[in-house]
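We just call them A, B, C, D, E and F in the order they show up, numbering each chain from 1.
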Amino acid sequence: MTILAVGPHPDDIEFGCAAVLIKEVRRGTRVKMLVLSRGEAGSHGTPESREAEARAAAALIGAEIEFLDFGGDCHIEHRPETSIRLAAEIRRARPSIVLAPNPAENQHPDHAAVGRSVRDACRLARYGGLTELRGSQPHKIGTLLYYNITTHIGRPDILVDVSDVVEEWQTAMRCHATQIAGKSYLDLQLTSARALGLAAGTEYAIGLLANDPGLVDDLAALERSAREF
Amino acid sequence: MTILAVGPHPDDIEFGCAAVLIKEVRRGTRVKMLVLSRGEAGSHGTPESREAEARAAAALIGAEIEFLDFGGDCHIEHRPETSIRLAAEIRRARPSIVLAPNPAENQHPDHAAVGRSVRDACRLARYGGLTELRGSQPHKIGTLLYYNITTHIGRPDILVDVSDVVEEWQTAMRCHATQIAGKSYLDLQLTSARALGLAAGTEYAIGLLANDPGLVDDLAALERSAREF
Amino acid sequence: MTILAVGPHPDDIEFGCAAVLIKEVRRGTRVKMLVLSRGEAGSHGTPESREAEARAAAALIGAEIEFLDFGGDCHIEHRPETSIRLAAEIRRARPSIVLAPNPAENQHPDHAAVGRSVRDACRLARYGGLTELRGSQPHKIGTLLYYNITTHIGRPDILVDVSDVVEEWQTAMRCHATQIAGKSYLDLQLTSARALGLAAGTEYAIGLLANDPGLVDDLAALERSAREF
Amino acid sequence: MTILAVGPHPDDIEFGCAAVLIKEVRRGTRVKMLVLSRGEAGSHGTPESREAEARAAAALIGAEIEFLDFGGDCHIEHRPETSIRLAAEIRRARPSIVLAPNPAENQHPDHAAVGRSVRDACRLARYGGLTELRGSQPHKIGTLLYYNITTHIGRPDILVDVSDVVEEWQTAMRCHATQIAGKSYLDLQLTSARALGLAAGTEYAIGLLANDPGLVDDLAALERSAREF
Amino acid sequence: MTILAVGPHPDDIEFGCAAVLIKEVRRGTRVKMLVLSRGEAGSHGTPESREAEARAAAALIGAEIEFLDFGGDCHIEHRPETSIRLAAEIRRARPSIVLAPNPAENQHPDHAAVGRSVRDACRLARYGGLTELRGSQPHKIGTLLYYNITTHIGRPDILVDVSDVVEEWQTAMRCHATQIAGKSYLDLQLTSARALGLAAGTEYAIGLLANDPGLVDDLAALERSAREF
Amino acid sequence: MTILAVGPHPDDIEFGCAAVLIKEVRRGTRVKMLVLSRGEAGSHGTPESREAEARAAAALIGAEIEFLDFGGDCHIEHRPETSIRLAAEIRRARPSIVLAPNPAENQHPDHAAVGRSVRDACRLARYGGLTELRGSQPHKIGTLLYYNITTHIGRPDILVDVSDVVEEWQTAMRCHATQIAGKSYLDLQLTSARALGLAAGTEYAIGLLANDPGLVDDLAALERSAREF
């Protein structure tokens, strides 16, 4: 199995869903992180230091990582050209599961733009005739899931129990030293994961939203849900 | 694994989700059907014939079946006493998964009343001090799922691929001869399942709604979703 | 009465709402189809064959048809320039009713982009001072309705009973031979129309969403609704 | 055509939708008003004076009127027995269109209770076997519409242009002298109707919500909608 | 100013919003707690010990406390008689602000029933003619706010910064020793308050939902909102 | 305190929320109006006359006013470059409260585009590293509120009682003589404000939507809400 996780800025994947990726790498999943800016507009850090932080985190997670340039932090747009470029990446990575930021508006505009562009890219990746994608093999992903970055919008559909990798997740987040110095990102994400975990009767959980209904053969995988209170 | 499927009227479980139950029985799940009226207010059939039809269908499905009386068809209320009686049944059956009608209003009032009562019953079943439940062992279910009966309200969270049991499902539905004579229930349910199946790239699917976020250890069970179009 | 039906790709109007158009042509309505790409990115067919298929379908429906180029399939954007060009077309055709794709996201991005652009165009068409529209007469449409293309999002506000033109509708859809060879579009649309029809106590129905509340003089036209189950 | 309008209190139909009824009576529709309390809990007026006011208003409207007792103002419950009694009334009146209060909560509790009970009653009225309804002929209504009483919740689906009966509507509302003395009901309803009318490019309009999608044969009745701004 | 806080079970007010009450008592507000059961159905504690715990917590908060019996824990119903009894209490306490549990379903059924009953009671309290309330003076509250108890449903409208009373809040929650022994209620509530606080740029916050739009004379009180991320 | 009110066209702020601004100026708030076009596409008036009307209105209100050009009326886009330019203006004006048009779609496309762009601009204004903003001091606003322009979408969160400035508000609206000649804007806005006012037990009110939960220290400012009916 291959998972492609897409993040607008160098630390979004780590803060949003790295705990899930760590668990997946452990069980043998190939994980690729695709980062769409170098945090050029952030209050702290340089593009170079931001990229280095992300590469260090990816190494800890056990994931491949690549950077793409869409005009820089705060300039990413939800437009056909963005989706088509991302579709090309999806065809290259050929994931069965794609993780993208929550596409809801009213958060950092790049988060919504990337969430929506990845959603459209997953569709375009399977169309045979797009000129810009000529030469690459169409690919149909299996599932598109969304993760939250600091702003939690909507009720999650899936909680992944990450209680057993909280230490590793914190280590990955701490790679982004330029970011956590000035703002309580790490604290916020851990606290949110703890609240979700407690509500599900475990210690820590990451909430994911599903773009489409899941398709299953039977109910075997559905025996647990978040109903502790 | 044990599944408890609750239906307001003798044919609701069969029309709404019997295809899922047939698949579950095949893979060894114990399935119990709990029917809360005998269809006393229906335009066709007698309580006796209705019960007999449901028992025949349960036998075909391979499920246990029991009937409870809550005042008869069209008289079921979403009240504490309903939920407490259902909680007692949940403690007896001790299911990990419970299937109930969609609790949304604007359908047959019994459907909504039973959906909401089962939802509350799943919660009450685990409280230790309820006088009415004294003597029975508290039980915490794992997952509460809702099925649709003729009226499809809201987007399903889960699609179960039932393409391989469509024949058996039809046979179970046809047990309710008094009902399908006058109205196109069977046709409607098959057509709806076909529309859901096509949208998911398979032949027939049953849509279920989840009362709570699912809790998983990793993304292994999430590799497929409904994204054919 | 004039109806303007706008479709992103050569087959969208046919799959989405041609059955309604066939009925309208029969009762004397002038119908114009406006197609905004030639399906350049599709897996099957060439722009030339796609256009020819659409022209054949329009002839069967009894509608005029025109093609506009917005950069090709998968490149249509919801931007002011798109809406302004469509507003010019609305002024030319001067329809009382406009049919556009459902503007909800999470379907083919062109579908949402066209739905939203047509919605805005209907508004711009009545403003007097737009430089790009100078020389054409402002026009105020009466009603904007949305149709679904393969992905059905939201509850329809209006069901049009198309039971009496199902054969003709299928013939129109079959004109798009390059598309239905590889994918079950026709089957999906017929099945969805059948499900809607059964729920309304008829055979087949097309569901439409209204952009605005309808305005009526009395309740004469509201005597029937979908309440079979 | 017969319309049955149901109101929880003696003045609700008048304030909420009498303008529509006046237009319907004018074009020959039989209109029956069913009032489910005598305003026993109101701050002003006695049950006797309240009933007299409603009878005077009904006479002005040109409607039949009947009173039922469900325990009095502030005591109406959304329970099966309420719906079954109302179903009996529906069978007696045999309307094609039923008008009931908006069933949304967060308004006077009787309003929501009556809206929901009428909704369920419309369904029960067509079931053949209900003991309580034995002897009366099952009846299937055509359309269930909701009107707003002082609290406007949700976007209306239908606006009825009542500009030509505003005077008569005011006269009917003024019959409820005990109520408009103390509170600005009349002003509020007229102002709301004026706001809806202006938004639709006319003078005054009553907004109605549809319980189900409307079913039509073609788009002839849909040529106008509220899109003045 | 008087605040009336209503809780279904002896610990709900403390877990849900005691931090707000502590701040209000400090600034001179009279606070009355109204508890509608003695936790008879809980897994731990007796009615006597539960009441004693609540009385100890009320003393710490600085609030008056009273108990009412509505049939016991898990038996509270949203019915007119519940709302009327609560309306009598509202007339006695004459609060300007009322705090009730979130009325959304899909949590402990008592929580939703009490939230909805208090909402209706606030309305009934101002009607002059209710027989059951004869002799007491009608009262119109100013504002109805909802608090969350373990299950957080919907986005809060208002966050109250409670960073300066977290210690006192914990002390009040710890009075419910029988409850926090077996389940992580305290941990969950603190974690949720911490997540809300961090998102608002402070340490701890309680989220409240408003039943109605707030009415203000100017924007002076609106200078701060939750927009830290 | 400083308020920045942003309007797409020269009359939007006046029609939408000038009554609030008049009250704020009276109590000493500095108010700045930022207008993003000169109404170039309107049916009536020239860019010069439109600007003159707005300047006259601003003088009456007691507000500063500036105009920015984003390509003209009907051409404003929700894109990063729009938000970044607006962020620069926010840094210049340094407001604690920002008023922008409702960002919901299905109204004049400029209204939604400006609402969404201002929302994003408020966020970008506090990021330290944006090249385009270099040289200006990052600024964090306190609260982002939305006002409605002719189209009222969604329930307001806040009602501002403007009964005491209705005359002045009308005078400010009447400055836009070219607009109110042809269309009933003034009548619509007054009627809507009257309907909101009546529902809140006052005469006239402006409804505002909050982008984020408000943050307060206690409940002192929440003693009044709209619950007259």
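A few remarks follow.
Criterion: contacts are C-beta pairs under 8 Å (C-beta built on N, C-alpha and C of every residue); 3 or more make two chains touch, one makes a residue touch a chain.
Small disclaimer: the values here were computed from a predicted structure and weren't measured.
The set of chains touching subunit B and also touching subunit F is given as A, C, D, E.
Mostly identical positions are employed by subunit D and subunit F in their mutual contact, as over half of the interface residue numbers are shared between these two copies. Taking only C-alpha atoms, you rotate subunit C by 120 degrees to land it on subunit F; that is to the nearest 5.
For the pair subunit A and subunit F, the distance between mean C-alpha positions equals 36 Å. Centre-to-centre separation of subunit C and subunit E, using mean CA positions: 51 Å. Residue numbers of subunit B whose C-beta contacts span two or more other chains: 123, 211. Chain pairs recorded as touching, per the definition above, are A-B, A-C, A-E, A-F, B-C, B-D, B-E, C-D, C-F, D-E, D-F, E-F.
Considering their complex, residues 107, 150-151, 184-185, 187-188, 191-192, 194-195, 198-199, 229 of subunit C touch subunit B. Those residues of subunit C lying in contact with subunit F across their complex are 79-80, 83-84, 103, 116, 119-120, 123-124, 126-131, 138, 211.
Across the complex, subunit D is touched by residues 39-44, 71-77, 105-106, 108-109 of subunit B. Contact residues of subunit D toward subunit C in the complex are 1, 3, 20, 23-24, 27, 29, 96-97, 122-123, 140-145, 155-161, 200, 202, 205, 207, 210-227.
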